[in-house]
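Please go over the structures that come below.
There are two complexes below, and they share chain A, which is joined by chain B in the first and by chain C in the second.
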Partner chain A sequence: MAEIQLENITKRFDDVVAVKDLNLEVKDGEFIVVVGPSGCGKSTTLRMISGLESVSEGTIRIGGVDVTGQEPSDRGIAMVFQNYALYPHMTAKRNMTFGMNSAGSFTDEEIEERAMSAAEILNITDLLDRKPGALSGGERQRVALGRAICRDPQVFLMDEPLSNLDAKLRVQMRAELAKLHDELGTTTVYVTHDQTEAMTLGDRVVVLDGGQLQQVDSPQRLYDFPENRFVAEFIGDPAMNMIAVDVADGTASHPAFTIPLPDADSLSVGSSVLGVRPEDLYLADEREATSPETFEATVSVTEPLGDSLLLHGQIEGHEFKIQAQPRRTITPGDTVELGYDPDRLHLFDRDTGEAIYHSDPAVSVTPPGVTQ
Partner chain B sequence: MSEQSAREVFTNNKEAVLLLLPTLLVIVVFLYWPAIDTFRLSFFQTSLTSERFAGTYNYIRLFTSGSYQNSLLVTFGFGFVVVAGSMLLSLFISFMLYEVDRFTSIYLITAIWPYALPPAVAGLVLLFLLQPDLGILTYWIRSLGAVFGLDLGLDWRTSGPLAFTVVSITAIWKQLGYNIIFMVAAMNNIPNTIDEAAQLDGISRTNRLFKIYVPLMSPTLVFLVVINTIYAFFATFPIIDLMTSGGPGGATNILIYKLFIDAFENFNLGYAAAQSLVLFLVVGVLMYIQLRVTDRYAHYG
Partner chain C sequence: MAKHDATERDAVDQYASGSFSDALPDNLWMHIGLIASIALMSLPIVLAAIMSTQSVSQIYEVTNLAPGGQGVDNYTRALFEHNLFAFMINSFIMAIAIVVGKIALSLLAALALVYYDFPYKNAVFVFVLFTLMLPVPVRIVPLFELMVNLDWINTMWAITVPYLASATAVFLFRQHFMAIPASMVEAAKLDNIGGIKFLIYVLIPMSKGMIAGVGVITYVYAWNQYLWPLAVINNEENQVLQVGLKSLEGTAAAGQIEWGLIMSGAIIALIPPLIVLVVLHKPLLETFGLQQK
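Right after this comes the complex of A and B.
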């Protein structure tokens, strides 16, 4: 077990910068999830930690040791791939022990013991004599995990390990991974594009975009206090509504409405972007009003999701989404009265996208250049 | 839908037969008929103008002939050396080609170049390079030998083992390109992540080649062993013909070359027919064994 430090990591592929000046510290025993859209550099980052990809600039330390130039096999890491990467001609057991056999520094008993205990943890003792071709996707990923556990690494690296599994199995394996991490306590870096996985698994979540670090925080803080517009829109499904507003004297005004911003009496930043999550909007007749005022919207599309009803509403030609309660008979064209949760408003700079203000009282963001 | 209509393309049988005719004609005239006639001829004693039924005379003569037994031995030796040599050498070259990152296509083209030469030209090229007195390669080898105080004659025109070696080298060199094309293609089919898993596992290069790549390439390797066997037994004819003419003293007189001499220089067609039938059986049995044995080890997906 060990901590990982990435210092000023940059990766260039010819003239494309895949990762730019990344600084990150992963604590010992932490489960950290790296999330971002396709091409954001998350897999590249993981592969640089593993040593499969070289680093253009910067230093990587694992357990305090500079491993930047070391071979993958010397770094004390184990990696799990999206497509399992099992040796197809070997049995599950041989897949797990092949690396140790080749290293030659283990006795046969040691290898046997480790393989058996890994198999027991993962519940695959019955499958050990089968080849990958005779295993299902979930079983294969379990064997791949077994191979990683057998190495008894300082760090687990996982590159979208659940993405090839069907939805149901993914949820099940997700829970098992969390349990596994609790049992083993090994430092884990987990890459995914799936924000549900990021939120449920991570002690902390790293959001990357365009090769640059956007925010590192615990899942709930990431959700409640996004530091910029990208994080706000990327985390949460359906995505946060963004409405251009004009902010003066603690009030956000839009041609169709004005919203007072709580505890921000003197906030005057001019034109900016107001963010409200669909679940923080509601139909006025659904619950007791929490917002000082309500406004009207025209429904353009309804999407019944079972547990909720997702409405696409229009205010002054501006489209946004509302998560309403299910089993309502609302049809496109209807006009609805909307309320909002005043503790869940976010304000972003129109040009830089940086967060200016969160209405949640627990907020501690003090953005630069704001006179209060 | 009836069982018939699914496959019925032609309105009548005549049309189908007509379309098949050219192919059938070629096969019958150039394959079946000669094969049957060879079988028939092998029971006849022939001269240039006459033939006379002789029963199993040709076969008895064949298996009691010292020169035929020698030829059989030479052929198996040659076949083994050429197949094993070209497979192993190609495997190493392919592995290096697969691992190299720069100038990949230049290396690849260089490696498969010999295959683009007709066998006769390949034979001629090496004939010049390895000519005992004037050849550039022999000169170098002799110079190298001189460094260690050896006086190498290298006259493979008179030394049987040397001639065998030279012909084997030529035959292997000629076949490298063909094998490399298939092997590199097979290696490129191995998923990258398996490579990466091996890197993470810290598998040495030799282990990676023989314990991961070779098993995953095994279907291609089985195919190549069969093709190389056919090559060694039949297609090396021009090389032998050009370089040694089966000599010296029968040291490179492989079956295919011997039967050609018996048929078209000694004009003993019956005897040659018997030889070609035996050769056919030998290669057939060999192939059967190869496929049976390798099938047990080959990993198909």
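Right after this comes the complex of A and C.
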């Protein structure tokens, strides 16, 4: 087990900058998830840690040792690939143990012992003699994990290991991965494009976009206090509603409404963007009003999700998503009365997208020009 | 909508008409064509097989197409009296050496071309392909001189080494290796598995079909070599079967060419590559991306 430090990492492919000036510290034993849209540089980052990709600038340390120029096999890492990378002509066991002789100083008995204990942890003892072709997707995934576990690395690197599985199996394997990490306690860097995976698995989540670090935080803080508009819109499904407003004297005004921003009496930042999550909007008749005022919106689309009813509402030509309670008879064209949670408002700079203000009392971002 | 109706009506009409041609299989003409071309192509072999059992006088009766009674005699004479058995062993050694050598060399070349980074890699590959334009018959004069200088005339070296480098095999293996997922190579890299170990334990087992396919093509090609062995081997004990076959032509009984003997030699020369082809036809078809239903 070891901590990982990335210092000013940059990766260029010809004239394309894939990762730009990335600084990140992964603590010993931590499960960190790197998430972002495709092409954001998350896989490149992982591959640079593994050594499969060289670093254009910057330093990588694993366990305090500078490994920037080291061969992948010298870094004490094990990687799980998206397509499992199992050799089709070898049995599961041989797949797990193949190469252990070249990698380090394992004796044959040691290899046997490690393979068996990894197989026991993963519950695949019965499958060891089968070839990948005779295994299901989930079983192959386990064998690939077994291969990593066998090597007892300092760091696990996982590159979208669940994306080839069907939805149900993915949820199951997700829970197993979390359990596995609790058991082994190995430092893990996990790359995914799936924000649900990121939120459920990560001790901390790293959000990348365009090769740049957007935010590193615990899943809940990432959700509650996004540092910029990208994080706010990327994390959370359905995505946060964004409305252009004008902010003066602690009040956000839009042609259709004005919303007083709690505890921000003197906030005057001019035109900015107000963010409200769909679940922080509600139909006025569903709860006791928490907002000082309500608005009328026209429903354009209804999406029953089972556990909730997602409404697309229009206020003066602006579309909102509202998460209402399920089993309501609301049809497109209806007019509904909306309330909002005044503690869950976010304000972002219109140009830079930086967060200016979160109305949650536990706010971490200090709004500029606000005397609290 | 109207158009749709019309099509439907047409379809119904076609069913109702019930003409004679409807009773025949749809691809009747294709079947006739295929049968005719198979007959045409196999005719020389069938005739050769029949003639190889006939006596000289039976052969000269042009209309006599029944198998004759001299088969055993013709075959034993060709094999032992005219040394075809010894030639066959030479051909066999030559073909196996070429198959093994060519596959080994091409695998290594493809390994380098796919998994190693070196300057002008693509240019090297194009250069390898360029050698396709210079087959052995084109190089025959300088090659002969080289053999003389190396003192390889009349040796097995002379009829095997010039065939070992093969652009076709390198090309086929390279394409096949490129289709193997990169993550498998990366998994090996993480374990510090070297190129040769990766080739032996991963690439070769994963390319069995391709190797067998290239093996079949190469075997047949090597077995059928005539011109180069004729030029470079000039004593009988080292000669190969295809050249040896030619020597049967000189035999004559009572002034008549012994076609029975020649045809039995031809059939003997045909059988080994045929066996290889039949045994390994599946990987051969896979090599060319064909599916057998």
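The working rule: the second predicted complex is superposed on the first by the 363 of 372 C-alpha atoms of A that agree within 3 Å, B and C clash if a C-alpha of one lies under 4 Å from a C-alpha of the other, contacts with A are read in each partner's own complex, and residues count from 1 in each chain.
Note that in this section a contact is a pair of C-beta atoms (placed from the backbone, for glycine too) under 8 Å apart; a residue touches a chain by one contact, two chains touch by 3 or more.
Keep in mind that what you see is a predicted model, and the values were worked out from it rather than measured.
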Both complexes share chain A, so when I overlay them there, do chain B and chain C fit or clash?
clash
Please indicate which partner A:Ser102 is in contact with in the superposed arrangement: first for chain B, second for chain C, both, or neither.
both
Quick one: classify A:Pro72 as touching chain B (first), chain C (second), both or neither.
both
Which partner does A:Ala198 contact after superposing on A: first (chain B), second (chain C), both, neither?
neither
Which superposed partner A:Leu52 touches (first chain B, second chain C, both, neither):
both
Quick one: is A:Leu122 in contact with chain B, with chain C, with both, or with neither? Answer first, second, both or neither.
neither
Enumerate the residues of chain A that count as touching chain B in its complex and touching chain C in the other.
50, 52, 71-74, 77-79, 81, 83-85, 87-89, 98-99, 102-103, 147
Which of the residues in chain B end up touching chain A in this complex?
191, 193-194, 196-197, 199-204, 207, 211-212, 215-216, 299, 301
What part of chain C is in contact with chain A in the complex they form?
181, 183-184, 186-194, 197, 201-202, 205-206
In their shared complex, chain C is touched by residues of chain A numbered 50, 52, 71-74, 77-79, 81-85, 87-90, 98-100, 102-103, 147
For chain A, which residues are in contact with chain B within the complex?
50-52, 71-74, 77-79, 81, 83-89, 98-99, 102-103, 133, 147, 151
